[in-house]
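The next part holds the structures, each set out as structure tokens.
Both of the next two complexes hold chain A, though its partner changes from chain B to chain C.
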Partner chain A sequence: MPGKPRIATDWLAGCAGCHMSLLDMDERLLDIAQAVELTSSPITDLKHPPEEGVDVGILEGCINNSATEQVARTMRARCRILVALGDCAVFGGVPTMRNSATCAQALRRAYVESESTVDGRVPDDPELARMQNARAVGQVVDVDINIPGCPPPPEAILYVLSELAAGRKPRLSGKLLDWH
Partner chain B sequence: MSSAGLVNITINGRQVQARPGQTVLQAAAEAGITIPALCNHPHLRPEGSCRVCVVEIEKQRSLQPACTFPVFEGMVVHTESEKAVESRRMALQMIFSERSHYCMFCPMSGSPQTTDCELQKLAYQYELDSWAYTPDYMKSWPVDASRKYFVMDHGRCILCRRCVRACAQIAANHTLGVYHRGARSMVCADDNVPFGESSCVSCGTCLQVCPTGALFDRRSVYMGHDAQTTRTPAVCAGCAVGCGIEAVIRDNHLLRIEGDWNAANCGLLCVTGRFETTEPRHDRILRPMVRRDGRFVETSWDEALNTVAARLRQYGLVAGLISPRMTSEALATFNIFCQEVLNTNEVALLYGDVPPSDLGARATLQDVAAADCIIVMGGDPLEEQKVVGYLVKRARDAEARVIVVNDRPTKLDRYAHVHLDLQDISHADQSPFERLRTTYHLRIEGVVKLKSAVEAARRPVVLYSAGLSTTVYAALRAMPDKVRFMPLIHGTNSAGAARLGLTARPVRGEALYLMAGDDMPPPDGSSPTAGRREIALPESRFTVVHAAWRSRWTEQADVVLPALTWTEKSGHFINMEGRTLEIKPLVSPPRSVQSDRETLLQLAVRMGCALSYQEITEIAGAVS
Partner chain C sequence: MTRTITIEPVTRIEGHAKVTVHLDDGGKVRQARLHINEFRGFEKFCEGRMFYEMPQITERICGICPVSHHLASAKACDDILGVQIPRTAALLRELMHMGQTIQSHSMHFFELAGPDLLLGFDAPPAKRNVLGLASANPELALKAVQLRRFGQDIIARVGDRRIHPTFAVPGGVNKALRVEDRDAMLAEIPRMIGYVQEGLAIMRSWIDAHRQEMDSFASFPTAYMGMIGPQGALELYDGSIRVVDARRQHMFDFDGRRYLEHVAEHVEPWSYLKFPYLRSLGWPQGVYRVGPLGRLNAAQSMATPLAQKEYQAFHQLCGGQTVQGSLYYHLARLIEDLYALERAGQILEDRDVLGTDLRASGDVSRPEGVGVIEAPRGTLWHHYTVDEHGQLVKVNLIVATGNNNYAMSRAVEEVARAYLVGDITEGHLNRIEAAIRAYDPCLSCSTHAVGSMPLEVAVYDARGAEVLRKARYGGL
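And then the complex of A and B:
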């Protein structure tokens, strides 16, 4: 590919821990910054992937409402290679725990029935995102590369980015594959 | 076939010799080649249901499961060929597509180095980084927590049926089964009742063989990964069977007990050995206590021992009672202490009847499991020496004839082919010894049945209890030489005590020294079982109780001395097979608790009759 590969990241229903793990590369971030161009991410000034598209899109978190679904679809449309980063993106993660209840039950429990709530009501502003069952990113859009882990080790992220920058398809194994 | 009767095969290009009848998996394992498997377990009969162990065998039309496929001469096997690996990955993906294998929600989950889940380990090994077939996000699976000690989460079950096979083949209990077919299959107990209401005996063998987190131990599940623990082979002190156990220990805490596959009990344990002995307790006696004005006051060892020495000297006759849970060394020391220091012959076991041991060749646990005819004469092994009871059931599954002779109902009755009333032979005819042979051979219908069963058998075993009449023992002695005998002994080391001449008999004395160790009195109000005919504590004016736990014994005491528990002691037990078993400390005792022998020696010094270490060591040497 001509020039440095362009990378955009975004997060869905996650805890930002996978982005923390990305930053945990420490001084190796300098090498990565040499090898790739980060166009946008939740932890930079530019938040949204550019309309002209990027080579690699990275998504953290699972899809759990209409807003996160839209973010995932936008990223998929604007990147060539989509990477699911972390257990939530790959498997659904912790948010899937609420799938054992219906969305209506979960909202009622959180906004009305919780012990600390008095006269609660479920928010119904039409501008709010509509709640959905929690799903892995791959359940909604096609994912090319999975980096499982909670969070994935920085070495795994470094490895995947380095391999992609070198034009190879990464394959996680050994210590880099750790999704407990 | 080669001259040595071995089969020559090639695995991954390596020449390997295997025994005829071995499976590919067994042959490979013996040659040090690991073939991954999930449903297979080395101590269960292979079933070939998970398809993870598939290998490529040249000239076979399709991939074959290594765990069920027998070796043949000239066989060429590839365990990690591209085709085999692809199929194995597919099998793993299919397993992950069922149920809810969200590893992050499971306590077994860990890194490739720490995971306790065999499924996750294989997923790492075969580089699964995502689900090929996403499981149903909305489906929830039942969790059965109706048993006291362990829980089944069906969401983590992979239907390998190891638990079902362990229940049938090892515990011979046949509680577990599978209902429905195909993807709807579910492990169930009996006619699909909650486990806690089923015929389950909580032996926990299923828990020990479960490859995932589907079955988990309530107490230890969150206490750390196996990688953080050490496993020490040890001996269960629960009863006189003396089962081999593996103590799972972390930071001086006994987390869990598992059955030792290499011991005579081959992995099998009972609910007492596996669970009850590790139940957390909060009534440990940590410091000596002396009763003042009706209340216990914690004191120093010095003060407590001085009090005991002074008070014991005041009384002419002191009685000594000791629990059969003590090691042979402790029993010997106590015996000497009573005779030499307390100058009394009123020394006895708290309970623990030992039947005569001279009936014939002694049976081992393996003999029981492999017997083709088992006569249970008195006793109730399924209740009182449970693992022996399970082995009887296992032998029965293998077509052994089971004859129960007793004058009361026992738990083994429903498994007996013949049930005889003990009256038939215990009071048969006259008692003079000379006539017994005639009686045994001819007179009573039951005796005839026994005789023919023994004669027809090749490996007959007799389990017999204490308390039978001399007539019965004489009849047993007259049995043919092929019969092997196992006494059903109550009390962990009653056999060791018997060798020292210590038996359970009433004692009397103005003062009482009760060496309870970590033993406990049976719960108040429970009817005394035949297994625990405890002798009553004598009415004494001064009572010392040497015990690890608070109980109604210590409530009666004037002085309480802390004792070690079985996990902290060293010494020897003698089990029902007549074997001497070595006990090693698994954890170190609380700092304020000293060894029971040390306490007795210090007390002897204070009473002006020092026992030398050398003396004690000699006794201990003679015992073991």
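And then the complex of A and C:
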């Protein structure tokens, strides 16, 4: 792609560990910062991807409520290439363990039955997002590139960004998939 | 005309949140709320798992402080086995915890909150971030990156992985420390201490230049809670829990395993994050604060020499009065960062750290186990109930950020009342976020059962028509 690729990132239902792995590029981060243009991201104060669009959108985490679904749909609409970063985004990951119970059961356990809770009730204010079963990003919107791992190694993230910046489609293999 | 202002998402914090502010007819703030907007349900879906899986599962609650959950979980597992872990195992767990404290505190100061202080609350939002900081002061940015790298490196040298390590197991740990890893870590500590001291110097000069803001910004009385070791010194890995009142007068100490006797949680319908309080005082009289400010107020000293000097200077800052302004969290955090580096050095100098007695064995001997630790953001509890085979029947978690839920909401309200008068600028809205940011909330943690904070503000008139929208969209 000509010029510096424009990038936007966001996190859905997850643990932020994939963004931490991005920061784990350490000193290389300062070089990457020169090679790409970072727009909206949890680490900047730009709240949403620019309306005119970005080259690469990166999403961490899975979709488990109306708010995360909306973030994913907006990112998809505003990016040319969508990257699912980490196991939660790629196949749902740990948060999908919740699907074995109903949302109502999980809410009841946390807000009513919990040993430390007094006079509990399930939060239901209209300002709160509506819960859904946890799903991978690709189950809701089209994903172009998957980077698996919990979290993926920083080398895998660096490789994908470098290939995209060079106008090539990244093909993860070997050690880059060996995140354990 | 009444109006509602919504800030969503809040950025440069971990997780998902939004703020709503209701203004009355006269334009005065009637109500301001911090809504935590996500729920993952770990407490429910861990039921039926084996207890020994929990150190691996629960670290997925948070990628910023996975070590806190890893270790609190392992301590709850030790409790179920009813064993005392070997000294070497305790030292190595604490060393890993110091690594996490260093990376988390350093990242928060330099990469998340720092841009507000170093570039200004009113700096253009497109520049007010760590990359803006890197352009303004590349040398400092490099040091910030290296400091975080060092903390992560400790975690990886001890437990093989930087994020979500597989190290602590019920009864101890699964890997001895190698001499070359010890030596490599020890060699870097003096330089890293220098970097934190630079951060402290920056923070102190900021305080000098903004004294009034420091003392008035989201400043309010609460009780404080933190772990203590011998002689009431600040402790992060293991000790009893101390509670002091708003004037730092000692209230009581308790064994963290008996938390249900002392701490209860209140639920508000407008947030997925519960509100812990002191059971003896009730809700809301029993609210308290945790984390760096909570710990520095609860503790009587710090156990390492450089941190102890900083601790004394800290308590002289407000003329001997309790330090209670929310922005002082930043200073307290850096003092703890210094402590963690010094303490890591002490542990590495201890001969037992290279020991090979790593694990106490045992079977399920108690139906319940509680693990408590001081996570970077405050006191963290894991409480498991198991059947005779060790299969989990119940899981209850009180997470560090949750303890500060009342304080963050109060901080939002105080700042909204102080700044949302007349013309509302983007800088004013950023101050509301900065009030939350001072607590370094980790909303993935808090919404294990929660989630993320970016910013959008919409103002509606009484009939719901939008009259003003301010948002920060992409496009640097």
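Just so it is clear, the second predicted complex is superposed on the first by the 178 of 180 C-alpha atoms of A that agree within 3 Å, B and C clash if a C-alpha of one lies under 4 Å from a C-alpha of the other, contacts with A are read in each partner's own complex, and residues count from 1 in each chain.
The rule we apply is simple: a residue touches a chain if its C-beta (ideal position, glycine included) is under 8 Å from a C-beta of that chain, and two chains touch if they have at least 3 such contacts.
Keep in mind it's a predicted model, so treat the numbers as computed, not measured.
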Discussion item. Under the stated touch criterion, which partner chain does A:Lys175 make contact with: chain B (first), chain C (second), both, or neither?
Written reply: first
Item to complete: Give one of first, second, both or neither to describe whether A:Asp119 is in contact with chain B, with chain C, with both, or with none.
Response: second
Worksheet item: Of the partners chain B and chain C, which touch A:Cys150 in the superposed model: first, second, both, neither?
Response: both
Discussion item. Looking at A:Met97 after the superposition, I want to know if it touches chain B, chain C, both of them or none. Which is it: first, second, both, neither?
Written reply: both
Worksheet item: Does chain A have more residues touched by chain B or by chain C?
Response: C
Worksheet item: Which holds for A:Ala84: it touches chain B only (first), chain C only (second), both, or neither?
Response: first
Worksheet item: Which chain A residues lie in the overlap of the chain B contact set and the chain C contact set?
Response: 93-94, 97, 100, 134, 150
Discussion item. Help me check something: in the complex, which residues belonging to chain B touch chain A?
Written reply: 102-105, 109-112, 114-115, 120, 124, 127, 129-131, 134, 137-138, 140
Worksheet entry | Residue ranges of chain A touching chain C (in the complex, touch as defined) | 6, 8, 10-11, 13-21, 23-24, 26-27, 29-30, 33, 37-40, 42-52, 54, 64-65, 67-68, 93-95, 97-98, 100-101, 103, 105-107, 109-111, 114-121, 123-125, 127-129, 131, 134, 150-151
Worksheet item: Inside the complex, what are the residues of chain A that reach chain B?
Response: 84, 87, 90-94, 96-97, 99-100, 133-136, 138-139, 143, 146-148, 150, 171-175, 177-180
Worksheet item: Along chain C, where are the residues that touch chain A in the complex?
Response: 8-9, 11-16, 18, 20, 33, 35, 37-41, 43-47, 57, 60-64, 66, 107, 111-112, 125-126, 128-131, 134, 138, 141-142, 145-146, 148-149, 152, 162-164, 259-260, 263-272, 274, 276, 283, 383, 394, 396, 398, 430, 442, 444, 449, 451-456, 471-476
